[in-house]
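Pasting the structures in now, so scroll down.
After this come two complexes, each holding chain A, first together with chain B and then together with chain C.
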Partner chain A sequence: MKDKLFFILKRLGNSIITLFVLSFVIFSLLFLAPGDPARNLVGTRQATPELLESIRAQHYLDEPFLVQYARWLNGAFRLDFGTSIRAGADVATHVAPFAATTFQLVGMALFFSVIFGLSCGIIAAKNQGTLRDSFINVFALIGTSAPGFAVGLLLLYLLAFQLQLFPMFGSGTFMHLVLPAITLAFAISAMIIKITRQALLHEINTDYTTFMKARAISPIRITLAQLKNASPTILTSTGLVLAALFGSTVLVETIFSLPGLGNLLASSVTFRDVPVVQFIALIMAVIICLTSALVDILVYLLNPQAVRVSTSNLEHAGLLKGRKK
Partner chain B sequence: MKKSNKFRHIIMVVLTLFLVMSMTACGNNHNQENDTNHTNNTDTLNIGVSGSISTLDINQEAGILNYYISALVGEGLVGINNNGQITAGLAQRWYTDDYITWSFIVGDNSMFSDGSPVTIDDIIWSIERAMDPLQSPGVALHFPADIQAITKVSDTQLDIVLSEPTPGFIWAVSNVAGLSVTSKAWAEHADSIGSPQDLLLGSGPFQVIEFSPGSHVILEAQDYWRESDSRSEQGNIRRIRFDFITDDATRLLAFTQGSIDFALNIPIEQSEQWEAVDGAQVDFYADRSYYGLTLDVTHPPFDNEYVRQAVAYSVNAAGIVNSVLRGNATVATAITPPEQFASAIDIEEARTLLADVTHFTYNLERAQKAFDQSGVATFETTIYYPDSFPSVGQASLVIADSLTQIGIITNVVEIPIDQWLAEIGSNQGIAWMILFATTAQPQDMVTWLLSAAGPGSNPANFADEEIARLMANVVTEPAEAGIDDLIKAHDLAQAQAIYVPVWWGQAASAWNRNIAVSDFNSYTLLSQNWVQHFTLQ
Partner chain C sequence: MITIDLQNLNVTSKELDILKNLAFHLNNSEAVGIVGESGSGKSMFVRSLIGLLPIQTSVSGTYRIDNKEISLNAKEKQWRTIRGKDIGMIMQDPFTALDPAVLCGKQILVGVPKNQRRHFDLTAALTEVGLPTYITKRYPTQLSGGQRQRVVIAAALATKPRLLVADEATTALDVITQKEILDLICNIQTQRNMPLILITHNILLAKQRTKRIFVLEQGKIVEQGNTTDVLTAPKQKATKKLLDAHHLLLDAPYATGATREKVILCCKMLSKRFGQTQALNNVDITVDVGECVGIVGESGSGKTTLGRCIVGLTKPDFGFVNYFGTHSPQMIFQDPYNSLNPAHTIRYMLEEALTAAGRAKSELEEIITLAEIPTELLQRKPAGLSGGQRQRVAIARALAPRPDLMICDESVSALDVKVQNQILHMIQKLRKKQNLAVLFITHDLAVLKMIAGRVYVMHQAKIVEHNVTKQILENAQHPYTQKLIAASEIGVS
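Entry: the complex of A and B
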């Protein structure tokens, strides 16, 4: 129990350090990027240097880099992420509806990908070398190689324009999210199929599977056991997939005109709306770090032996000091 | 048996999660319109735009789309008509004897969309807010810095006193420049004016009933509008929905399907595809934009007038308009396009005046001769262009090719638009200037470019006492009287090849057979109650 708690705390601690580093790196990159938010607000119109200066001062853009970062960090601790330079509104309030759209989209895409990817991966592995396996492999190949925008436009044309089953653009209802989610899920599920199939094939060829079969244990129980043992690989990969999903939303949100984080991030970067960019980056970093941590913890809880073995290997190699038993 | 139950439980949990997620997706927006049946509403005009807005408040974000919406929702003391001329807004009358003291007589029948009356206090509060650059970075620059007093004379009159005669001041209090009046009492309780939580409150013919940043805005006719009785004569549109469709292919599909009736600023290179849609009409119109080169006189060797002339002669404006822009633009002979003069003189007259302004027609022999006369050896330079304007990039390549032929080795580099904006006037040598006018004030596009007080005062960093004097006259003379000085100032600057006009832009809009559009031009969507130019069929 102590071991488990120590592992979870250590993993969460790592995530917090990663978040700090990420926030600093993103802030630095935005600071170094060329451009002037004050000029963006005024546009190609005559503006006195005093006017530009006062706008910069209002958003603390005239302060030294470290002071600006410290101010942001201090606000972030109090859950005050500042004011959007472009919208003039509280950042968290401004970003919230965009975040809700993206979370729903990513959640739905992840659900489709996991259900479809896992099922197809299991079917392919259980039917290795058959026509079914080949068909699923071909699908996975197309899924991983087809560009997202092409899939999106094709779905849009066929299902929204020709068959009029889905709305073509906008947001607000469940139906608005289905096509973008399928577009996202198309590539992601292909990855999950490949990973699941490979991991399960490994388990199928193990001695314990042969013994279970010899003892006439039901096929469902055998599959469940194989899945449990293959779960570290599948879970870890699915965690990584979530990060990829967030990265892919920009394109999909543009094609389907969804007001999500990807779209907002792209326009905010162009406008150099630093507080908004920083907040979105933080949200994404938190999700990716938390997912990664949760996956690690879940893998540990499902199979503590695997982590102990890897830890003991590291101790043997002298990479972990001071934790000798 | 136990394992099988566990498996079933897992499936149940997953399905429940999916159900909850789906319901959340639907439930979050239960009060929103069902987007799938746009065209079923017979009183709704559906407009698809390629851009997006993040706030409805022009004081904060003064983009052209914000102004289009504000023109229906809010009112200034004055507005403009479809020809760009000043017309009554909240003020029914106004007068000034000396262009210093301005008196505005406001009617007592104007109401905000919540039913409260528009008072002089609301107007004064709105003007003071608009003048404050911290509260209103988008519009504060329209107001002169020398406003001495804003006084409530009576319940129907306010006076504004300036320190110098400024005939153009009337534009500052128009809703196409600096002023959209809102309720003081309402605004003081709003956390963020123009956000989805605090939708705009104005006294225009429409009110905002829904705003989803990045997605859409819905306006609805408001019954408290002082001219609501005349609505039946003006058309049958009760609702206007703006959808922000950022991908052009998606927008074309939506237009073909009939989900949008009117598309603003369609890509000119795709106009044939739009025209091919059954029942569609595509209209090209001058959008009062200017595209040209600025040559920084403080950046050697562009401080040499012969070098600048060599550059000016190397710009094949006609070739760029015909090949790069496929004829969908006009070769510019000056900075300000003729349509910008519409509020003061006839457009044809303006066209004639502008054709006579000194400009350099493409001639590589003359370019070479000017470059040889400059005494400057072959040198290398770079033209930077903003990434949002690919046609400007193509035009840059054409210009670079000509310049390289005469010995000015020219590179072309694409940069992000915010970097381009930030670097205007920062000693670059050759730089692109792209301007879009909002007000119909004739000098609107050159107040900055021809502010000839030396480095920092204009993008070319030039100083010229005569141009400065002429522009000072333009500010203090009534618009009609100032035209000659304005044209002369253009002429002097262009004769020195400080600015090299290349083209005046055109925009294209498309509409389907569901609607009829009349007298559409670059002023239409800024004019008062512009919906009267649209009829649902």
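Entry: the complex of A and C
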């Protein structure tokens, strides 16, 4: 119990350090962009000397770099990320509705793909070499190779335009999010299928599986044991996929005209709305750090042994006593 | 009490006969041995008893348990009424047989039929296999090989089988643990008055532990009957071959030591720790030019670490390795299946080794003659070679830099007795021809007797005894060496 708590705290501590480093990089974005930071903050407005002067004063641009960073960080802790150049409003309030849409979209896509991907992966592995397996494999191949925008357009045409089951565009309701979520889930579930199938196949061919079968242990229990052993692989890859998801919503948001983070990020970059870009980059950094920490903690809680001792190291040291060499 | 009756058992895989017309009968509580070389179909026989044959195989025959006919092609559901309850199985490799992610106690418990689980006495189950209760709260990786095999046995017994099958249950363990586990299995057999099928390639083991014996060769039972009768007067070639293979090693004369003149390797006060465990503790050894020195000890005693320190794969915490050869020492590993790159042909690998040693590719002929590799193998990849052939390739590769010292880390333990014998002879010849010093690390006293002139005995990271091989085997001083010799049943006459 003490070990577990220690591991969790250590892992979270790691994430906080990572976030600090990232926040520094993100803050530097403003200064890494070519040209005068003050001009960058002007955005697409007319850069009059008075405006530049007021921006310099507002952003304390004349102070040393580190002092500016400390000021920015201090604001960030109070959720004050400055003012959006384009909207003129507080950044956090401005971005919040966009973020909410994307979170809902990604959450739904993740839900679909985990349920679908896991079950298909398990079915494929358990029926290796049969028709079912090849069918699922073909689907996974299509899923990983079909471009997301093509799938999105196809779904729009068939389900929204022809069958009129879903709204064509817009946002606000659950139904508006289903098609985009399916589009996103299409590629992700294909990846989860492949990962689950491969990880599980490895476990199916193990001695402990044979020994469990030889003791007439129920097939469900055997599958659960195999999944538990395969969980580090499956969880780690799913975590990576989730992190990548947040960066890849822009296409889907564009096709379905959803006001999400991806769209906002793209247009903010075009309009050189630096505070908004910084804020979105920070949100993504937080999500990626949290996901990977969460995955590591979950893997540890499911399989504390796997994390604590790597058997191969012990074997190297000749510490696995009793094994004939 | 259980009766098992198998008639006309045929198992084929991809049109290859694995078992042919096999008949097997068992109707009292005795220990039965099934012996044969690897690949003779022993494991397939066990697996057909509980319906665990690989998917690509087809099986036919009549199978009766207690006069009730069972289809050999039955569905999983029907097999599950037989597995565990009628027939329990102990797996070969205790290092892989247990689920690494589950506590040992839970693994034993999960096999107990649901309605009995609440009243199951885990402490008693562990006591029966000689384990303390705290093992229930341990993961398999925290246990030694012997302890793990005891957990496997407890798990197999928890399902209350009426017949126990042990498929090479001690092959993966070192000699002393091997004996303890066999004693345990045989004790359980007598105490529970439960029939036992011992599957093994070791004919001496079958001789000591079983009443009745079946000799399997290429999927057929070639000889069967009372164990003592069969083994004292074997009628079939296959049986004789199995017996001879053991005598090859047991009756081999002692290896002759080289005249000790010039030191090639001298290790002083070597010490190494891995975390909590001391792997080497103040180890001193010397090897002379052209001499073969053996290092013997159980797994975990530090033998491998010593070898790795000498070739520089592991850095010692303290101590010196003085090597006086002109060419660096070479190492031959245990597992010839993992030490060769499967993507390359043998020719490519050996030529690469020659180039790396700064020699011309045309000198290939020399090293393959030394390692006795037929030229036609050069075009093949490792997959097309037997274990013995692969080990020859590994040796040829090690010979490329013309080493003055070769370290063999359990280099023959993955091979069967006959091939072991050939490789050992080859190494002896090499040693004499090339004036090569050999440091042979092994746990097997029979191998040691054949190859080493001098022996260091390692126990718990220390050298506990050191002498000429004959002296060690016939007049061991240290209690550990005596125990090792008693467990290995080597015929020292």
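Please note the rule applied: the second predicted complex is superposed on the first by the 275 of 325 C-alpha atoms of A that agree within 3 Å, B and C clash if a C-alpha of one lies under 4 Å from a C-alpha of the other, contacts with A are read in each partner's own complex, and residues count from 1 in each chain.
The rule is simple: a contact is a pair of C-beta atoms (placed from the backbone, for glycine too) under 8 Å apart; a residue touches a chain by one contact, two chains touch by 3 or more.
Remember, it's a predicted structure, so these values are computed and weren't measured experimentally.
In the overlay built on the shared chain, the residue A:T173 is in contact with chain B alone; chain C does not reach it.
Legend: residue contacts after superposition of the two complexes on their common chain; A:R221 is shown touching both chain B and chain C. Looking at the shared chain after the overlay, A:L41 reaches chain B, while chain C stays out of its contact range. Residue contacts after overlaying the shared chain place A:S119 against neither chain B nor chain C.
Once chain A of one complex is fitted onto chain A of the other, the partner contacts of A:N263 are limited to chain B, with no touch recorded for chain C. In the superposed model, A:S84 lies in contact with chain B only, and not with chain C. Of the two partner chains, chain C is the only one that A:F211 touches; chain B does not reach it. Annotation for chain A, partner touching more residues between chain B and chain C: B. Residue overlap on chain A between its contacts with chain B in one complex and with chain C in the other: 221. Contact residues on chain C toward chain A in their complex (touch as defined above): 50, 52, 55, 76, 79-85, 88-89, 91-93, 95-102, 110-111, 139, 141-142, 144-148, 152, 155-156, 158-159, 171-174, 177, 274-275, 277, 279, 298-305, 334, 409-410, 413, 441, 443. Residue ranges of chain A in contact with chain C, taken from their complex: 129, 206-208, 210-217, 219, 221, 225, 228-229, 302-306, 309, 311, 314, 317-325. Against chain B, in their complex, chain A makes its touches with residues 33-47, 49, 51, 54-55, 58, 84, 86-90, 93-94, 97-98, 100, 104, 107-108, 111, 115, 153, 156-157, 160-161, 164, 166-177, 220-221, 224, 254-260, 263-264, 267, 270-272. Chain contact summary for the complex, chain B toward chain A: residues 3-4, 7, 14, 17-18, 21-22, 24-26, 28-29, 32-36, 52, 54-55, 57, 60-62, 133-134, 137-138, 140-141, 191-192, 194-197, 212-216, 243-247, 249-251, 253-254, 256-257, 259, 415-419, 421-424, 433-436, 447-448, 451, 456.
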